[in-house]
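Order as written gives the chain letters A, B, C and D; numbering starts at 1 within each chain.
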């Protein structure tokens, strides 16, 4: 659709096949693939850890693993899933791959720093693997002091070191994305023509750059206290028991938006494409993204309602938490309104996007319960919280990641994935997910504390349901792994634009060449310029018209 | 000739220059927040243990601290002049000033090393046998070590970047005039100076009055 | 020696402003060091911090050329302090009302 | 207690308030969720590819109005929920008459409780129904959290800082006590039972307890054991401040600052005497951090607080 491919021009996948050409590449697309391989590996490591946890929890007694092992398992699960899977997931893979394509650039602003990001991530990852070999760590992903600094017997230093290093990977990715978005937009790609995915990456990067260093320093202090014996947090030497929590959550609440903003970007792309509709309220969607990123910094104290924080601070943080929900609400309403008068089809990416909508909304609304101080006092540190964040992070963010992966799979690999299998997996995932995590809301409200290796028998029914769901969910995650890998070896070529979608990334070949575009892409004057009536024939026409 | 400075994916030197300085500024924002956590902790404890902090602050070496502040400020001056000279194509001055910067940075680290030795001789590393008993004194010195330690790491990083400029400009005299690395390095170096300027009153000026 | 041929104004251009700034910085350093020995009770800390802020501002405005820089860079430069301010204010809501 | 649990007893005044708040928010959230899902389904069915529903662009102004409409509506709902729960959840009453003050010390991995009369328990707590209770809690090691689901109450228990929990039980029975903050290997076994009894049963139970020294008496013994009187007794040769009548009163420090002799101050005075030096005295008092454990210090404090102000006995 965009003129013939120059003869003998390889796509980025064939542009060199030595290991060296991969490990020393500065091509953002190849770095994205490197990241994708690494995070997929870690997703399954984190999943394997929690698989054992869910098996243990089938019975109230602690009969499968010892208490210490149990604690290490959920800690490893949390650390890996948060820092080595979900935070880099969409930004470092889809973001890395698509950001330059979507703005019509040849690469990110600092390609070598991009490669450095990957090496930093891998260095952090090796620390994490070393931590596993050294016997794991049992502090919870939150590293609360003084337990982590003075009491734990786990490999806290190595674990914290790994997280610290991977943090610098995030920071550099963030800097790179921000600079790229500001300086490498192709002529005509004005700020308000950017796809929402780019905006989401931009907002995410802001949070990465401004929040991550605080975590880094906090971990340095934890390590200094544990290793060198410098008193920073240790109450027995005058430390304030809550200081660590303030510093940790100053990062970790914004970090949850690092995890969800990219997902919101992906979903905006998918919904517009499969509803064949312009995005409803584009500018509001943009403002909402930036508002979430900024207001997200004001609410961290809602993790500390029972910590001994002052009652006044509780009220302030509670109020601000309600405020941060408003831009999220705007987004949910706009996605729904985008469907209005659309021409909707139900390919797998769209199914994932619907899943995201429902599950994110439930997760977000339960966030409002938690933001309500008296309710949180009851349900904090129970499975209610566990359910809340899995609804958003697994039901929301992971669904969006998988949706995005399917949506851009043809672009990334040049191959089509098996649609029927993909739809089946998406639906299976939705059911498995709800079966796993809905019972956790109920048992959480009934008082089942989290991080419990043994528990009173009256909660067993819920735990059994949840473990059953986890098995379904695990199977549903193995499916895409299998069929996507298989699809790599089929000969079903995807063509440049299998979805007849509108972003610039679809104006180049699949897979794209090393420098992304054979000829300057043409920027339409509005993003998501789908024909108002939808329908495949008209789409083909407008596309040709554009190219001419 | 300006192509020599262009790195992919850039096609225009001006644009590349803009991106590099802007990127560096964004990175510096991140660096500032790295120290932000330390400042916050320091503030909380200083409020809680004001007496201990003053007593401990009295023990740091005002002489080393002040001389080092002056040195770092002067290195900032030489760095700033280097940049201006490079842009005015006064390449010899630029190189000389870079070397001066490097020299001052190394001097800073050497003095810091002597100061550390003195601190350790005085037993000022928190732990058993710490000489000060006032509550919070050990916490003050924990901050002292981590703040100055992390800052020294930054100085070392900055020195490496300056050294790189010196070497590259030795190979090719013209290089400094159009390179974008010079400006990025300078920004980083100045930030290291700014951080020290803030650390100075926190660590060295506390408790000078009644000790 | 290319530089000898340059007009003096060129040399002035590169030296004058930085040198002036450096002089101010040195004066401020002397001042803050001296003031630290003047008993002001709780006043010592704010005074020294104010001077530090002025010094940091000078380095930023002149050495880092923020005064003449693109607004975008100035915005990026202000992000750090602004976010530290957020950290302080909201931590304060807890610490100063406990 | 096996099998399926569907409801949780409401065993305190607070529990009822929390349940109401929960239901109200469930109602609001559920309504929003249903509205959204309803719209979603309607659109999916009506506008799936191939239906003859009307399509075509929407007028720009239209969407602006809608946007502003639902943004304000959301802000309004959010503020309403906030305002409502702030109003509905009164702060727990302070120092009610007849309030029972019980000391709780948490350590890896047990709960130690002590009644005003001196009776001590481990991993359980007996309390009379209908009586306002105040728990004063500290930890000897890491952070724990005192959680009684039936009361819908939870409070972290911190080392060195004491936190309090106030409630009035309204139902008799046995209820779970959980540690809700991760505290190490046996976090999940750091559980106990709260037994709420009728007042008479509680009195009977209390009488049956071994004659545990009361906190004050225990403090008195420790005071003698540690030799505090050597310096602090009114007739001592050592120049040390009098402790009678000290608690709750302002103290002038050598820095010129003023401190209030609350529990935290007294605790610091015993554990880190050099943190605050009383004006006119020299810092000769040794630290007792190494010999007195958390409950000893609590006892000493209780004893100091019980000392009568000179001239007017309490």
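Please note the rule applied: a residue touches a chain if its C-beta (ideal position, glycine included) is under 8 Å from a C-beta of that chain, and two chains touch if they have at least 3 such contacts.
For clarity, every value in this text was computed on a predicted model and none was experimentally measured.
Minimum number of contact steps separating chain C from chain D: 2.
Here the CA centre of chain A is 35 Å from the CA centre of chain B. Taking the mean of the C-alpha atoms as each chain's centre, chain B and chain C sit 13 Å apart.
Centres computed as Cα averages put chain B at a distance of 45 Å from chain D.
Chain geometry summary: the mean Cα position of chain A and that of chain C are 39 Å apart.
Among all residues of chain D, those that touch two or more other chains are 272. Residues of chain A in contact with two or more other chains: 182, 210, 214, 238, 242, 246, 250, 311.
Looking at chain C, residues 72, 79, 83, 87, 91, 95 sit in touch with two or more other chains.
You'll find the chains touch as A-B, A-C, A-D, B-C, B-D. Those residues of chain C that touch chain A in the shared complex are 72, 79, 83, 86-87, 90-91, 93-95, 97-98. Every residue of chain A that touches chain B in the complex is listed here, in rising order: 26, 100, 105-111, 171-172, 174-176, 178-180, 182-184, 209-214, 216-218, 220-221, 224-225, 228-232, 237-240, 243, 246-247, 250, 515.
Considering their complex, residues 62, 67-68, 71, 138-140, 144, 146-147, 150-152, 235-236, 238, 241-242, 275, 278, 280-281, 284, 306-308, 311, 315, 318-319, 322-323, 325-326, 329-330, 332-334, 336-337, 339-346, 354, 357-358, 361-362, 365-366, 368-369, 372-375, 377-378, 380-382, 445-447, 449, 451-461, 532-535 of chain A touch chain D. In the complex of the two chains, the chain B residues touching chain D come out as 49, 51-52, 133-136.
The residues of chain C lying in touch with chain B in their complex are 1-3, 6, 10-11, 13-15, 18-19, 21-22, 25-26, 29, 32-33, 36-40, 44-45, 48-49, 51-52, 55-56, 59-60, 62-64, 69-70, 72-73, 76-77, 79-81, 83-84, 87-88, 91, 95.
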